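Dropping the structures in below, format is structure tokens.
The two complexes that follow have subunit A in common; it is paired with subunit B in the first and with subunit C in the second.
So, the complex of A and B:
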């Protein structure tokens, strides 16, 4: 295959070969997973490995009056048992706040809670044993006396603050943000039509199939800590382990081998994982913790749980004049470290109304503490809320005005010619393609025909609904996301490319692989940029002892940021290779190029020197090269997006459902997504990312909710009780793309991993409400269970 | 507490004998005692299918079967199916279609898919979705998996003709 690349790919009128960019090639690293030869943390084998299990609070809020670990410590196989104080000697507590979220507050959080548990599942003791089973047996012998404390589980009660969870903080408000463009009241005063609705979003969680996993191995002789960790951000964790355990950063190495799904669940600091690392130091031996499914439900971050009231003002002709938003969200007893739990609400404020061109916007948002598990950033952070409430209210306005929802969107979407554009919330768009995307979607789904079919079926008492959801999405964040707030989270990423003597290229990247295909995409970029075949590239990621420094994988940044670093490193390596070739061949460098692993004549493409021969000379016979010349066949490049705070993408989804008005069941018939993530590196991988994201969004819309009792007890903490989408209920999902590459980077890639999750719930909600229209019924509280549909229909 | 029973079984064609704790489930036995870490556990209460293995030719959830119950029986895991080449075409189709992301569900998914391919060679797309609906995949959205299985249904059908 011809693997020549003349990037930038988006140079106007460019017709140059993009190499492997844009090709649906299979991922090389998938083979080991297909044969059961992956290496997830729990697959690793260590001598003297100890297993830690945690004694967790059964209460949502309680004082630990007495804790006696002596009996547990005497059980067979038990190595040690520790309370919070013992672990705190080795692991400093943390506070989940950031400087740029003004006024955010949170209490100190310990690896093992001391004296008081603030939610069910918070660990108050650790038992270490030779096997996990022995540890669990010993847990039965932990003696604890508790004094139950008043519990706050309702968001509005938390805001009212009659009972304050953390007395030191004064109230239950973690963070609040207001925003006002100034002319909102005026816009509402002159509006012809005003619509208002309140939307509720249940708590749900990520359910990574592989639970959170960590194996910490402390070497006392060297005072080094090696952590095998199922994480998205190895360098961030290296920094956190170093600072909180008091081990020099250079002595901490974080390695992530295969990671069994993450979705934002595995990018946070978890107390039980910090305790595992501390206990490895305390016991001077490897210690492992794998969250089982019950622990996952109880302690993996949850997300969402919002209640939002939104109003919009429109003219008779269907122009949106203003958005007015009030949002309340509850995050559990702590703001999660180090990213904080203020970001989701903040995003809702930033993004609500985002696709539309109104100029007036007001928002008030409160983040409150409750005695439930913590919430934090899970796939699409804030977007599913902002999109659903924006698109829900837009549909309601269209209905009231008697305008077709697609037409109403066309009237109000920011024109494709309006960029660069600043949205009233202050966010900036370099270039979006809402109208192209809408047109493509309507064509893809045969919108008109679907509407006709819908009408015809209604006469036969078959109730189908079509829902649209336009969206914008944050990707490729600059330091504006975390760094400016004081978090030691890298916004830049790096890549090292090395030409091996055999002509192979090794690519070592700081972005990480969670199954989304990062390594495959990086290989495609590296092969294209250097000019070698794809099977000549090997990619290494996920080891702080090896890779350049970087942020890892979150906020849809891997391809856009990590990919640009690989591209720049690849170009530099190509140039360095040609310099060596020019010396070997006594040729003019400008006449040479690299194609398919060979140095060729740029014009005639005649082969001059295979890279394997160049490698032999450069590494083993450099004596034959000019005396003053040193070849440099390893290069490193980094990239940070800087011109824009975030590289926004846009897209639009549609959903077709059939509602059984007798049972309340919603059947998904089909789902469409048109998305603009700029340059697409591998369409097959992107499409599967989108589909997987859509399915998680559908889960949120229809099935998934972490249900708590008023006492703060999780009622459905098992996979038997917490419903997730399975293959039989899922529809086929049709994906198409518009490619508008940002000019900030040469690669022009934006993120795609979260778009599906961002838009799907809104599309599903609108589809259900469209189906229910003949009954003048609406649902607005997720998940839209059969019971809620029947309630809306007045049948229960 | 940890009563053990001598247990002999054939795993991937190899006879193994171990003293097995009566309470140990088959998945833990395969993973911890035999080092066959290809089968995963993700719920240990019979819902997710990540632990699916074959016992005497039928797929079972390794987390719901005690290892001692496998005494005298034949157990096949993903490692065995890979080495024998039995599902090479299926693995190839999964690879080509990108029917996996993180791969944690994949060994169980392949087991369930192979079961369908042998028991219902004429399965429709709906039936594929139905048959795989005991296996949770949190990453892919299922479509590529269904596509891959359909590909192999087709190619094996053509192969038989």
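So, the complex of A and C:
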């Protein structure tokens, strides 16, 4: 008890109390948001605020022969109207490539396209007005003559390259990667059983409650730019604004007020947002752009449009010998800056087959340009593809071999004792817990009983299916993710902790909050590390003018990286506080500790000095302290994972569905997820991250797809037509955890935010196919709409 | 997007409404619950100069039973229909159907008249009105007239309403003795407009089906009364052969145009499945 916040939290055999770590305490910002006191970009009020709206291409590919903005510029309330050339004078174009993705290419992209639009919705002009409505009225008066150009929307046609979108690039291939361990053909030659399947994945997007939002305020007197931005990565954006607008970085400040969901959508450079910032500079006044829902569907990054052929070779006994993968993905006309659109395909290559112990692996992956909206990193980047095709083909092999799918996985999962382990694709696992997770899952879901029930119900023509999906997941990336490729994206994060005179602790962290509860988790770590009550901690995030430098929140890195920085800062602050206390009390530092906001005797727990008194002395009466002593009650620490490129996590999901074989409707009955994110800081937050992630994965599996016509027109740009998963259709989602903290950090937290999304689509697919097994029918193209199920059943 | 600017009026009487509609012609639109109209304004799909809000016109709300008729006022909300004991007793078809209309928040404000006047091909009430042979009361400045539901829906979002006219109410014959109703629809998510739906009403005495009115929604620009399928059922018990014959007949009567997520073949298949299920439920 006396060592309540004594860390490391996971020291072997430790009997220490973890403080708030591991407790489901409510997040401090929840009440504010629920009372409607959030402050999103659109809530901010500025004098002389101008609103920008964009004139967007109605065509997927067209040359702008003539653009006349003069009439629009004369409409009531209009302040200015600009074309791409005008904005380009203030904002340099960018190219979305990275050095470690060898050979990746992309054309320069401008804030506002000049002369040619390469997908529907690409902006070719901006109108700035006193109100958004006036801007939209004026848009009706923009005159444009277009010459339609040939359109490439099909991935395979793009690869074939009869029509090349960017002539300068020579072909439509953005990036390609091959991987071969050798021995694959031999493995297939000696295999007893080979299974092959082609999987298709619909392009979808991450629908955030708050649309993309930016308010840029250029101050000519200081040559400073302050940007209120709904983004996940304020420091990255500070750097981007600085370099592309030619403003010294120190003069750019990016502030994230509340951010209403992101899912990876808000970690990219969007041309319309860059244009907004540029126009603020041009007009020397604050300018705001809020994407409306149609703009969100047209221009927020999409993701996941893949077609993948996968083969595996097995022995009669059920041992997987080799994986062979071919993957094709289409990313729209540009590789997105600065993370590139090559990462998703790259991840599919890295991760396919990842939970299993085969040694032979070959992959060929192509990323092609098309005339649809761009795609880029969205929650669980590449994982849902890799997991679904791995787990789909594994189920198929189990079926062919007549082995129960759970048993088949048990035979092939990398043993829990095998770590550290290097997977054939080159990725390294410090320590995973596949078998423990599988056992826990089967017990949690009463697997055997479910199978019996399934059999019994089939006799009554009720078709239920059980699907499993094991997974590995990239979290806590090191500089290996982006930095080594030349991207100016911080792999390090920092935290400053300050003891206030009142005994309060202010925690200023570079990781950011988008609604997932990061600030709550940081508060728990800070309170535990320093030894104060949770309500004595205030957390500040999301302001490049205030916080330490850092990457922000993405790639499931907030808790693992940002949290470790808070922990280290908290320990250091605790130590500094004790030093001050030792002087005040004339005591031996080693005898003292901090518990519940008081300095106590470490052994007797007797209260010696409340922090409020310590703060008073340290700040207002330091004259009473020894002459040479300076108290240091503000501490900053940073953290970057170094030993491993990524901190891999693992988990396994299961889904129970009932398929109506007459209508093709799939009813989700229950979903389970067992995952291992190491040290759990707040079980409630983690569980809800998993559940939310599962729901987004279910969206991919059953509902969500950005549908395009052959001419490249988005057909469902509204929430009436683009189907997001809704609560009524969602099953109960049962979550359980295995805790295998990595040794790299003292906190021992791995990421948890993407696990649900990574595994759910594969589990749903396998469940549907399990239900359809009596009919020898199978689905492999997401989303699994009623029509696709009926087609599989041969009914339509 | 923001709606284009418009003027707004909220007259307190029917004559006030008619006067405004006459004065502004097709530049004016009636506003009821706004659940469809405001969305279309915000998408800039339409840009009326004047919205005439009928919320304060007396006499347009409420459900009354008079003789063998149930009258539903145009401004009656979905929620009021859902909670009405009269509707539950006399119009079980409508009572079943209303649960499928949107979600609770929209049902609290959306109105019966708005739904009928909008005439969305996937909406529930129009199909129910056609199945039950309801009559709509329409009023203009000069006169009131009655139009049978079966003649009211003319085409995609097209009705018998004339410029300057208001839908005042719907009159439904109460469900007769020996008649039963089944409403079924398939929607991807609860509260979505249906992919396909059926409003079925028939006499089910003695295990036989007669006088079946099978109105399908979301298979054409208007609700479709499947008369051939009904003929195939007339006077028969709904055994497998009879059901199959009725299902087969649908191929000739339902246009079932493809939508974003389902081909014609899928829609027709689903309509047949629903017919089978509806007949099963009627016979039960």
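As a convention for this text, the second predicted complex is superposed on the first by the 793 of 796 C-alpha atoms of A that agree within 3 Å, B and C clash if a C-alpha of one lies under 4 Å from a C-alpha of the other, contacts with A are read in each partner's own complex, and residues count from 1 in each chain.
Rule of thumb we're sticking to: contacts are C-beta pairs under 8 Å (C-beta built on N, C-alpha and C of every residue); 3 or more make two chains touch, one makes a residue touch a chain.
If you're wondering where the values come from, they're calculated on a predicted model, not measured in any experiment.
In the superposition on chain A, contact of A:685 is made with subunit B only, not with subunit C. In the overlay built on the shared chain, the residue A:418 is in contact with neither subunit B nor subunit C. Residue contacts after overlaying the shared chain place A:220 against neither subunit B nor subunit C. By the document's definition of touching, of the two partners only subunit C reaches A:707; subunit B does not. Contact with neither subunit B nor subunit C is seen for A:250 once the two complexes are overlaid on the shared chain. In the superposed model, A:662 makes contact with subunit C only, not with subunit B. When the two structures are aligned on the shared chain, A:160 is found in touch with neither subunit B nor subunit C. Legend: residue contacts after superposition of the two complexes on their common chain; A:718 is shown touching both subunit B and subunit C. Legend: residue contacts after superposition of the two complexes on their common chain; A:728 is shown touching both subunit B and subunit C.
Across the two superposed structures, the residue set of subunit A contacted by subunit B and also by subunit C is 133, 137, 292, 718, 720, 725-726, 728-729. Listed in rising order, the residues of subunit C touching subunit A in the complex are 1-5, 43-44, 186, 188-193, 195, 260-263, 265-266, 269-270, 273.
Residues 1-2, 21, 23-24, 31, 35-40, 42-48, 50, 77-79, 82, 91, 94-98, 100-107, 110, 128-130, 132-146 of subunit B are the ones that touch subunit A when the two sit in their complex. Taken in their complex, subunit A has these residues touching subunit C: 131-133, 136-137, 292, 294, 662-665, 703, 707, 715-716, 718, 720-721, 723, 725-726, 728-729, 785-787, 790, 795-796. Within the complex formed with subunit B, the subunit A residues making contact are 26-27, 30-31, 33-38, 40, 42-43, 45, 76, 133, 137, 206-211, 258-263, 292-293, 514-517, 684-685, 688-696, 718-720, 724-730, 732-733, 756.
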